[in-house]
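Dropping the structure in here first, questions after.
As written, the chain order gives the labels A, B, C, D, E and F, with residue 1 at the start of each chain.
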Amino acid sequence: MYGLTMAAFLLAVFVNGKICKDPNMVSANDFFFPGLNMPGNTSNPLGSKVTPVNVNQLPGLNTLGISLVRIDYAPYGLNPPHTHPRATEVLVVVEGTLFVGFVSSNPADPNVKNKLFTKTLYPGDVFVFPEGLIHFQFNVGKTNAVVFAGLSSQNPGVITIANAVFGSDPPINLDVLTKAFQVDANVIKYLQAQFWWNID
Amino acid sequence: MYGLTMAAFLLAVFVNGKICKDPNMVSANDFFFPGLNMPGNTSNPLGSKVTPVNVNQLPGLNTLGISLVRIDYAPYGLNPPHTHPRATEVLVVVEGTLFVGFVSSNPADPNVKNKLFTKTLYPGDVFVFPEGLIHFQFNVGKTNAVVFAGLSSQNPGVITIANAVFGSDPPINLDVLTKAFQVDANVIKYLQAQFWWNID
Amino acid sequence: MYGLTMAAFLLAVFVNGKICKDPNMVSANDFFFPGLNMPGNTSNPLGSKVTPVNVNQLPGLNTLGISLVRIDYAPYGLNPPHTHPRATEVLVVVEGTLFVGFVSSNPADPNVKNKLFTKTLYPGDVFVFPEGLIHFQFNVGKTNAVVFAGLSSQNPGVITIANAVFGSDPPINLDVLTKAFQVDANVIKYLQAQFWWNID
Amino acid sequence: MYGLTMAAFLLAVFVNGKICKDPNMVSANDFFFPGLNMPGNTSNPLGSKVTPVNVNQLPGLNTLGISLVRIDYAPYGLNPPHTHPRATEVLVVVEGTLFVGFVSSNPADPNVKNKLFTKTLYPGDVFVFPEGLIHFQFNVGKTNAVVFAGLSSQNPGVITIANAVFGSDPPINLDVLTKAFQVDANVIKYLQAQFWWNID
Amino acid sequence: MYGLTMAAFLLAVFVNGKICKDPNMVSANDFFFPGLNMPGNTSNPLGSKVTPVNVNQLPGLNTLGISLVRIDYAPYGLNPPHTHPRATEVLVVVEGTLFVGFVSSNPADPNVKNKLFTKTLYPGDVFVFPEGLIHFQFNVGKTNAVVFAGLSSQNPGVITIANAVFGSDPPINLDVLTKAFQVDANVIKYLQAQFWWNID
Amino acid sequence: MYGLTMAAFLLAVFVNGKICKDPNMVSANDFFFPGLNMPGNTSNPLGSKVTPVNVNQLPGLNTLGISLVRIDYAPYGLNPPHTHPRATEVLVVVEGTLFVGFVSSNPADPNVKNKLFTKTLYPGDVFVFPEGLIHFQFNVGKTNAVVFAGLSSQNPGVITIANAVFGSDPPINLDVLTKAFQVDANVIKYLQAQFWWNID
């Protein structure tokens, strides 16, 4: 019995920490993932939902350097400020009106501020969020909005700023956050008391 | 006058053979491209049309390793067998029914054939075409079909097999093609006499 | 005159948007940068200062995939939560006691929180902040602290979370931030009214 | 017994899906492969034969980004139009006269054709086939021809166009191919009825 | 029992030939390595000692593309000519006075010599040794010297020229070395008879 | 006049510091280099000669990650210990008998020596020299020997150990070399007095 299990195991090889199928066992389904026609459930405090298709959902993407997401936004729904630590994102609006933006990295001159780039997008508009920069999308229309986006990694990662900063487990120390955000401890405590919902 | 031109020129720097803007001149429009809501014109012999958004249309994608396309298919429209020499493609069906496939590279055993992987896709289905492999999409539904796809390069390239093999300028020599395709010269001449339409 | 300027210009070639010297003109000084023995000026609200040596200070690093920083911390000085969009950081403590941490990216399960990893570091301790993750260092000792750190890019970038989110120019819209941080507009206005000091 | 097998197994580590030897067990033979002085057997319909030395024949090439092939051509032998999905090829002619060519990817202007680049090569001539482009070599001399070529991947892959398009298992649908090649079904059936011989 | 061992084993996944921990088991200690405050023991013929912190000491660096070293030099201590086959090195002097240098690769003109670039460094000075080039550091002060350096690989490797050329096991053949160094066999035998001490 | 020069200049774009041709001006000759059938002139003290075809001889290789060399060896000719700082080399013997070897990088245990891997090669034998390691080839047959080799970079570089260590301009300091090689100054002076011939 162990021998059999082991034999099966020996057929599996690892690439980037993912099991890579024996090529003779591969079928079209290994390159397939259904369901991106279904709206994500936006019944949450942010009013948006990300449905990812990356190496965690579709193992056949391993080593191929790309993934997709569908994002749904209720009216006034927000995909809040976040970064992808390992990917650039290119988005196309399928439906709705989105106000989108990203912030450039720290300028060379400490007296100059980080620059915000924004644009209001309509169906068919394409926008690029360069790798690692903080970006957001906000539904400023009266109807639902939907986008599809490509990301330049099979495992792009996502860091929602508010959740990572104010909602981590355990929490970041109060002293760190009060100094970083230059507010008194009550504001930080108030922020840390929120329930931080991950929409992706 | 020359000095002015030169001054302007000195602001431009080159990355990957593309002019890279002075960062102080960059605006949100450098990351923006409109119009993917417009159906591509499929009034051509293949009945399909690719609308690309890569570094040639949207220079802000330079160095960022990703691009997008919209593809439209009339009923029975075909995106014919082709490869992307520098990219994997991940597609999501927005509307319609597509029969898609790709062929694996030559097997180790010369008596074994190249393997075809196919799938019929419906709205919301995602499918992966690994880098450099020959693939196609065929509209097998009765309505138009539309997909969006991400590609893992800002400059993926595309090689339509029929066009590159039978429609190049100048043509590939008759002796090469008759031997490669193991048919008589008349078949090759007939193929070379077609008008080869690039849909992308 | 224009001809001379042009001749000089033709000697310059561009790599990654940086001018690359004629190899015959290169000297040891092109690989040299002095002054990291000088403490950075920590007389600012955060009580810390980053002194970078990357391709912007030392052009000879271009294409070589690495850079250095010195960071100084007054007692209770903080290098506030930030990310490097294009680099992992490995730090060694030269002097002082630092409480450091980073937050993992969003977990697969939306009901699970982002995980905080922390450690108190003493002289000689080495710690790794993986690419793109939010991290910080806080001087919890009674004396100044100093670290040197290597970064895995000649142009790592840095995004100070508070500055990018609350101190950008122009500011991020109030609606976006109140929803993202789930607080009322007064808290956001208060945060946006701070003077956001870049320490790097 | 299982314990022993497992112990042996634990010594093996995987890189890119290949077993990587315990460094203490590595010998010079792990970097060695003999036999490229033996002419490949060109007794096949194409009159050519590729003898590869890549990670499948020589595991020591794993992660090293390069491989070699020897190609033999009988008089009028053809290495038919093919691509390497993950590699550029640089060839040197050792003996014989070869007519070689490659076709550029689709031009930006749909009314312009794909460009064919050709050259007749003699012993000592070097020629480059850029990554992913369709290329061929044809022996136009009266004697055998031999080349050695380097490829920029330890696992370059090869896709013979005719075999992948007309000889896959299962076959590509008749509707797809008649539309793609703009010929009637009989021509496609005729092509699909050939025996497609892989020479590599 | 075997089942348990196997279960444990299945949790381990391999990346670059290193075991990659189950993410749920990861703790801050996986990103931590202590002790770089301790001077390396320079009581050896070269009078220097390298203390590395790379993937072999700190597995959490795997895939992250960076590592650190501390180097100690007694007065007149030497880090002898060596290369890192997979990394550029950027060094900062913490204490002491070092004469450092690297030699460029072979020039295009065979009558021109390889160029030596040297600099005397003092505390706070930063110097770059580009990937793969032969370099050295020599303590020309009267006190100990200390540097920290970043390397652009988690597994940079090091090849000490004298040890690899004259101290390998088995030795390089006398005929090879007498011809390469253009001296008589006695000089080579004398060199090979030394005890070659690896300081890293 | 300046305008014309400038116009011509504007057509040129730079990639990796090389001028990249306007695509419309590219011809087959941009991918071609002749003459590797000509034996290199081995009338030099080492009795060998490297004829490279890399981006410096064949600009069309730029960005393509590969290059070739032909190496000729008179009887007892030596390609002396050297490294390629940016490439792995894979060699195939075309004619003659070669004794080849490479030395592994420093072992983890300072009391263990660097390991030498050697093999005697005959026509048709293939051997791999991993990136950055010191390697050599020695003609141990009674006739000339010839190899072709692929290198995994369009610009691999080469560092001949003896030339870089004992023949640089200016010379490496006597104190550095006497300590590094643990011999008295006369041996070093003797070595430095040789004429160091670059064979590549």
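Following the convention adopted for this analysis, contacts are C-beta pairs under 8 Å (C-beta built on N, C-alpha and C of every residue); 3 or more make two chains touch, one makes a residue touch a chain.
Chain labels with UniProt names: A, B, C, D, E, F = Germin-like protein.
Predicted model, so just to flag it, every value in this text is computed and none were measured.
**Q** Do chain B (Germin-like protein) and chain D (Germin-like protein), two copies of one chain sequence, contact each other through the same residue numbers, with over half in common, or through different ones?
**A** same
**Q** Between A-B, E-F or B-D, which repeats the contact pattern of C-E in over half of its pairs?
**A** A-B
**Q** Mind checking the centre-to-centre distance between chain B (Germin-like protein) and chain F (Germin-like protein)? Centres are C-alpha means, answer in whole Å.
**A** Taking the mean C-alpha position of each chain, the two centres sit 39 Å apart.
**Q** On a C-alpha centroid basis, what's the spacing between chain C (Germin-like protein) and chain D (Germin-like protein), in Å?
**A** Their C-alpha centroids are separated by 46 Å.
**Q** Roughly how far is chain A (Germin-like protein) from chain C (Germin-like protein), going centre to centre by Cα mean, in whole Å?
**A** From the centre of chain A (Germin-like protein) to the centre of chain C (Germin-like protein) is 22 Å.
**Q** Of all the residues in chain A (Germin-like protein), which ones touch at least 2 other chains?
**A** 2, 6, 14, 101, 130-131, in rising order.
**Q** Provide the residue numbers of chain B (Germin-like protein) that touch chain D (Germin-like protein) in the complex, in ascending order.
**A** Against chain D (Germin-like protein), chain B (Germin-like protein) makes touches at 45-47, 56, 76, 78, 80-81, 83-86, 99, 101, 103, 105-108, 110, 112-116, 130-134, 136, 138, 157-173, 175-177, 179-183, 187, 190-191, 194, 196-200.
**Q** In the complex formed with chain D (Germin-like protein), which residues of chain F (Germin-like protein) make contact?
**A** Listed in rising order, the residues of chain F (Germin-like protein) that touch chain D (Germin-like protein) are 26-29, 31-38, 53, 58, 60-61, 64-68, 70, 87-90, 92-94, 101-102, 117-119, 121-131, 148-152.
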